[in-house]
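Input: one structure, supplied below.
Chain lettering (A, B, C and D) follows the sequence in which the chains are written, and residue indices restart at 1 in each chain.
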Amino acid sequence: MRDLSTINGLLAVATGWLIIGGLGILFPRRFTLISRVLFPLGAVLGLALACLALTGIAGEVQTIILPLGLPDLPFHLRLDGLSGFFLLLLGAASAGISTYAAGYFRKGGGTAPGLQCLLYHVFLASMAFVMLADDGYAFMVAWETMALTSFFLVTSEHRHAEIRRAGYLYLLVAHVGAVGILLSFGVMAGSAGDYTFDAMREFFHHGAWPTIAFLLAVFGFGAKAGVLPLHIWLPEAHPAAPSPVSAMMSGVMLKTAIYGLMRVTFDLLQAQLWWWGLILLLFGLASAIFGVIFSAIQTDMKRLLAYSSIENIGLILVGFGLAIIFKSFLLPHLAALALTATLYHCLNHAFFKSLLFLCTGSVLHATGERNLGKLGGLIHRMPWVTWLALAGVLASAGLPPLNGFVSEWLLLQSFLFTSGLPHGYLNMLLPVVAAALALIAALAGFAMVKFFGVVFLGQPREEKLAAAHDAGRLERLGLLWLAVGCVALGLLPNLVIMMLDPVTRLLVHSGLSAAASSHGWWLLAPISEDRASYSPAIFFGSIALFMPLVFWLVRRRYHGRMSRVPAWDCGFPLQTSRMQDTAEGFGQPIRRVFSPFFKRTREHPSAFDTQPRYLSIVEDPIWYWLYVPITRIVEFGTRLIAFLQEGRIAVYLLYSFATLIILLVLTRG
Amino acid sequence: MNFYALFAQLLELIVALILAPMLTGWVNQCRAWMQNRSAPPLLQTYYTLSKLFHKDVLLAHNASTLFRAAPYIVFSCMALASAIVPTLSTELIFSPAADAIALVGLFALARIFISLAGMDVGTSFGSLGSRREMFIGFLAEPALLMVFFTASLISHSTSLATIVETLAHKEFAIYPSLAFSGIAFMMVSLAENARVPIDNPTTHLELTMIHEAMILEYSGRHLALIEWASCLKLFAYSCLGIALFFPFGVAQAFDPIALTLASAILVAKLALGGFTLALIETLSAKMRVFRAPEFLGTAFLLAVLAMLVHLLLEAGR
Amino acid sequence: MELALVLAVPFVASLLLAIVGHHHIADRLNIVSSLLTLLAAALLTIRVIGEGPMVLFQEQFFVDPLNVFLIALTALVGFTTSVFSRPYMRVEHHHGRLSVPRLRLYHSMFQMFMCTMLVALATNNLGILWVAMEAATLTTVLLVALYRTPASLEAAWKYFILCGVGIAQALFGTILIYFAAERVLGPLGGALLWTHLDVVKMSLEPTVLSLAFVFLIVGYGTKTGLVPLHNWLPDAHAEGPTPVSAVLSGLLLNVALYAVVRCKVLVDGALESHFAGNLMMGFGLLTVTVPAFYLSRQKDIKRLFGFSSIEHMGLITFAFGMGGPVASFAGLLHMTVHSLTKSAIFFAVGHASQMAGTQIIADIKGLLKRSPTIGWGLMLGSLAILGMPPFGVFTSEFMILTTAIKHYPWATPVLLTSLGVAFAAMFGKVQAMAFGDPTVQPLPHNPALLPVFVHLGLVLMLGLWIPPYLAEWYRQAARLIG
Amino acid sequence: MNLSILHAVPLAGQVINLCAAIMLLLGFAMLAQRRILTLINLFMMQGAVLAVSTAIVALTTQQHHLLWSAGLTLILKVILLPYILHRLIRRLSVKWDIETLLNIPTTMLAGIALVVIAFNVAQPISQLSGTIMRATIGIALACVLLAFLMMITRSKAVPQVIAFLAMENGLFFAATSATYGMPMVVELGIALDVLVGMVIFGVFFFQIREQFDSLDIRHMERFKER
């Protein structure tokens, strides 16, 4: 009798979410019940899920078969290290987000709170099932349920046309991606036609089939993750959704795509080719650069974060691709390093991006504004949100000693060991990629300074901002959980790496636990202390020591006198809030330096305009290069085919007649 | 050994804190000489700092806690940075705590806080300065990282101590890649330390200032800390340059004589470095802000080129 | 006995309604008789499951797992449609679009249509099958033309002519089968009885049967809506009363396809090649692809879903064309879920267009706001029909696609492209109707939304869990199809 | 058809072959005919030939239910339907079918091609035939296809319906002559359907005229995708 307690527990949590959702829809207008009981309960379940998953990562593989699904293909569920890790991510992030959501959803608004509750919890449960699924059908059902519920969550304010458009685009891309995934499963099941993952693992593929399966999976999961040419839905959908949902989508849902791709690449396909890794690497790099550049020029705070998500997914893919390259060149230890960086970054991104999205939610609630150009100075009104957001901003910008830095550090480390690869071009290429990563990290800092500075610092740009209020208690608790997560993940990297060890062992047959455990908890040295080491504890500790010391010394030696005066500003007397940099102004250097990336529409006033107007719209060129032509082609197809249905009965009869004659002649011949 | 490391570390930190303003003073002095001006005293920076520390702080009405905390954070970061860079010895307590990448991260942390502080009061110059600072930063940071990467590829390590040891104490070898990265490093340092041709630390001319625009609202002890942090930054960068490209003379093991010698050599190198900086500043003119990408892009390309050169020519070593 | 009830109840009800159809209880009578039919069908089903296939009434009728499943489905959808049509027709009457005599015609013809459907399903005689199909055409022509507007007349005329001509081809095919069978079975051997033909199908003349199948597939295929024989279908769906659209999509197309499948079994037996299957796959692929491109051009909501029905018929035809246990299972499942989903959609669409006072998509907005149940019914129904899990349509599409990947990989890109285009086109339109600020008005009578959600609930269940006895039943039927 | 086969066929068979030939001829005649009244008369003649041939088959093969069939055909297609059609024409006062969508010679050429195809298609079936005559099924098919062609080329409702009925004639001919007739139930059903269909057609004519002021089906091209 094998131990199935963990997976049963996980299943119970997922079912619990479904039940909570059901209760929500049973009492659609009972606001207090939903916000004070159901959502917090969901958060507790999330925590339970995280704890169970944590035990599941290192534990034995557990499988069960549910009596649901197709008659020949019941739902197979399986818990191993990989799914355990991503479930941990889901549980940990959702605990914070659900707590926040309990305080976030207000009366009124678009969709009834009960319905929100149902959709939200089904969304959570479907993500859990995605990670547990062990056959193609269960996976697809969970996957599409996830897409569907998140679509409805995105469109909960469906009265706005742009939100409808965003939802449409999102579901369409998700659906097209799902088709790719399904095809990939189909290729992997091959002639055996058995869609359990076990059968796919066993099935031997010939020739190009594994590559086709892999490429289809990249397409399918890439659409969900927002990889470069398929990213267009992401900056539309994330801003459209209510903030907890944006947080969930960006923090967790994008990771399900990474999970799926890892499952396919490392688990279901037996062998990997090195250039698969290169493909992922290049796509990831393109997404990261593109994402970060666009993130830096956005004027809508949620769009800014959405593009930043594209960037982070790109970074994750870069690490993933590197892991594939190392593994295919039989360098398992380096593969483990790259993969650890990747997984670590997944976890980090879940925390800091959820945190930031939730902060934008609070800002949105307090001010009703998403446009950066109408915010500012909120640090005085919303200190909690501001300081917690600062943690997220620093983590997102990849600054020590927070968590974002650790994973970027690991990633850069893994790039530094590429010179051992037996492939000339790769040797040359990979350091350049590392250089690009450095650029991306620096640009991310730029974008984050812009985000934080314009929203929270400076003077309020609108009158009404004076009425802004800080987040409520539950919201603060949710934010705090995520911020603490960012700090803890940053300060205790060795514990995280030890936790990731079973996962990398499962995927690339090597792990970093030996290196991580040999130096104690405070020093991170993945290869050896001589080669590279980083100790966030000392780092943070010394800054934390220096600061009060300096403060104390200055006070002690000199004085603490201070008086409030009007701002100096080089003596300029007529300061107004409109003289600060706007979001556009702050992004101007980026627009200028990276102008080939953008499609710009500009209108400059002439010298004689009595009412000068300035207009600058920056758009995604990929929309025009790729999607508009595709829609044109389809439109052309419909126009062509419409000629067939031309209304005349004689013509219709002629079709029947011709069909009959042709078939008769063919059959006879 | 631990005692030695602690001692060396403390010594290095104190030397940095004390010498940094003097380095700035030295640069200013040299520059004045070269420009045929009468030079300020070498210790002028100390006087300025002391005066600032004694003055009252005048805080804008809108300034927040972040604004007041930023000088301390920036100062701590720079102090830590100068403690990390192995100038006198490679046996330091902090050396395993942060490698080259973490050092870059540390600089970035300081930069972000100073930029945020610049935006905090909400004046036109403050946000202008922050924007430009971040702009210069995102161009300079990758170039700096690439410089480090070349060095780490040579020494198979990103740990600064190991890099310096490798470069200083192994048998003499000519690394052409280091020439490229040396130039790149110099360009990055000029940009990062708000020097001509990117910025001019002595000007308050509205349209051209970068660093000064950000700290326009600071006064009293806050300004003093920031100025001191700037000095520390210049000092740290200079030491970095010395450590990476002219590392000879760094003390390796516990040896008071070596340490003393190292200190002496360091002062000499710094003096030379400061003179060079003044020379460059005198010889070149300040660029328009949007020429900066070209300047720093060149630095970035040189750094990448250095890495490729290393991979091509020196791969066997 | 049960079968007699199944067939007699709608027939008698039809005659009765022809007499008392103007009375205000007519709509309830309609429901009651549909319910009785459903109950009888349920009894019949239970008996067939228990006792196996049976042959009745001098071998003219027979029931096996394949058709009893369709009989049960037909009776169910017939019942729910009658439930839906009560408030719908009351609103139509209220709006003055239908007079009392028209309502009488409607009720009577509705029951007659059900009767012809059930006869077509239950008969053992290919000739009677043809007669019943023709009778079904005639009744539905009257139903489509119910409003007597120019548009409805045009639609009905096209429907009549195209299906009449089509079905004439089917008769020729039937004659050819008879011609071939008579040589084996003799003039008195019941050469049109399917059970007899099934026994001797191996010795039927292959060339004749292959020609016969061409005629049959062109004939019954016209009624199924196979491209390029489909042109009547969108018009008829758009212009008839909505309950009629629901049964046309949900039942008539199925029954026509059932006829094709029955004939395919014979042809397969005789030919020992995949001729019939290939032909069906070809038609199926064409029928999946072409309507997908029409969808984006639609301005009329019912026409939109008419095209969607064509597409799904193509998919089912393709599935049966592939053959084999999984594909046939999937085809049957898809028939079920398509019937349930599409009729549910039409119920929702009916009320939606009544609320908006128009069938023009652009003028229907904000359903969710004004009437959440109708809005969600339409939304979820459309998502289900577009193959979103966890609804059952995805289940069958999954099985069809996986079989296609396994055996006919070249067909999968075509199928998937079409499904993708269809998704893009249809979902955009449905979303625009469900979401946004409302333009629609509340209805004067309470809509009957139970049918919508019962259907969608069943479809949802089939997506997550197919009850074992139902699965077994499908398997038996799939085995019959081969 | 070669002569030796003809000789082997008994008289009844020869008569049926003759009937078949006449059917085909009438089919062509209808295809070429512009006037509606003549069209109805031709249709009536075709019905009569069909009845005769059915009766002959019934007598020669001793299948008496075919006699019922023949009678039904006679009543329905020779008397009832032409009568209804005549009345309709008078009531609706449409006498001329001036335009065809395709000119007549072209239509004839197409018709000949169709006959070739029909014979070719029917050839394997004819070779199997154990009945008196072998060619009838091909001719029946040709009749069906010619009627089909006529439906396509006519732009008015009434000739279209006549063409439709002619197609039924061809089918009936195939059913009775080529296969000794279908079972009685089926034939009755078919006949009933034809009758009901005719009535509905009749109703439709009036409705269409009322709504469109014309029986020209080219008015009914509202539904299109262009």
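As a convention for this text, contacts are C-beta pairs under 8 Å (C-beta built on N, C-alpha and C of every residue); 3 or more make two chains touch, one makes a residue touch a chain.
On a predicted model such as this, the values are computed, not experimentally measured, just so you know.
Asker: Strictly by the touch rule at the top, which chains does chain B share as contacts with chain D?
Answerer: Per touch definition, common to chain B and chain D: A.
Asker: Touching both chain A and chain C, which chains are there?
Answerer: Output, common partners of chain A and chain C: D.
Asker: What's the farthest chain from chain B if centres are computed as the mean of the Cα atoms?
Answerer: Centroid comparison gives D as the farthest chain from chain B.
Asker: Among all chains, which one's averaged Cα position is nearest the averaged Cα position of every protein chain shown?
Answerer: Central chain is A.
Asker: Among the chains in this structure, which pair is joined by the largest number of C-beta pairs in contact?
Answerer: After tallying contacts for each pair, the winner is A-B.
Asker: Using mean CA coordinates as chain centres, what's the chain C-chain D distance in Å?
Answerer: Inter-chain centre distance comes to 31 Å.
Asker: If you average the CA atoms of chain A and of chain B, how far apart do the two points sit, in angstrom?
Answerer: Once rounded, the distance between the two centres reads 36 Å.
Asker: Please report how many Å separate the Cα centroid of chain A from that of chain D, as a whole number.
Answerer: Centre separation, chain A to chain D: 70 Å.
Asker: Compute the distance, rounded to whole Å, between the mean C-alpha positions of chain B and chain C.
Answerer: Chain B and chain C have C-alpha centres separated by 78 Å.
Asker: If I count partner chains per residue in chain D, which residues reach a count of at least 2?
Answerer: Answer for chain D, listing residues that touch two or more other chains: 121, 124, 148, 151, 217, 220, 222-223, 225.
Asker: So which stretches of chain A touch two or more other chains?
Answerer: As it turns out, chain A has residues touching two or more other chains at 641-642, 644-645, 649, 653, 656, 660, 664, 667-668.
Asker: Determine which chains touch and list them pairwise.
Answerer: Applying the touch criterion to every chain pair yields A-B, A-C, A-D, C-D.
Asker: Inside the complex, what are the residues of chain C that reach chain D?
Answerer: Result: residues 60, 125, 127-128, 130-131, 134-135, 138, 141-142, 145, 148-151, 153-158, 160-161, 164-165, 168-169, 171-172, 175-176, 178-180, 182-183, 187, 192, 205, 207-208, 211, 234-235, 238, 294, 297, 303 of chain C touch chain D.
Asker: For the complex, give me every residue of chain B touching chain A.
Answerer: Counting only chain B, the residues touching chain A are 53-54, 56-62, 64-66, 72-73, 75-77, 79-80, 83, 94, 96-99, 101-102, 105-106, 108-109, 111-112, 115-116, 119-128, 130-132, 134-135, 137-139, 141-142, 145-146, 149, 152-153, 156-159, 162, 204, 206, 216-217, 219-221, 225, 290, 293, 300, 303-304, 307-308, 311, 315.
Asker: For chain A, which residues are in contact with chain C within the complex?
Answerer: Interface residues on the chain A side: 67-72, 136-137, 140-145, 147-148, 155, 158-159, 161, 164, 167-168, 171-172, 175-176, 179, 182-183, 186-187, 189-191, 193, 195, 634-635, 637-638, 641-642, 644-645, 649, 652-653, 655-656, 659-660, 663-664, 667-668.
Asker: In the complex, go through chain D and note every residue touching chain C.
Answerer: So the residues of chain D touching chain C come out as 63, 121, 124-125, 128-130, 137, 141, 144, 148, 151, 157, 160, 164, 167-168, 171, 174-175, 178-180, 182-183, 185-186, 189-190, 192-193, 196-197, 200-201, 204, 207-208, 211-212, 217, 220, 222-223, 225.
Asker: State the interface residues of chain D toward chain A in the complex, per the touch definition above.
Answerer: 101, 114, 117, 120-121, 123-124, 145, 148-149, 151-155, 217-218, 220-226
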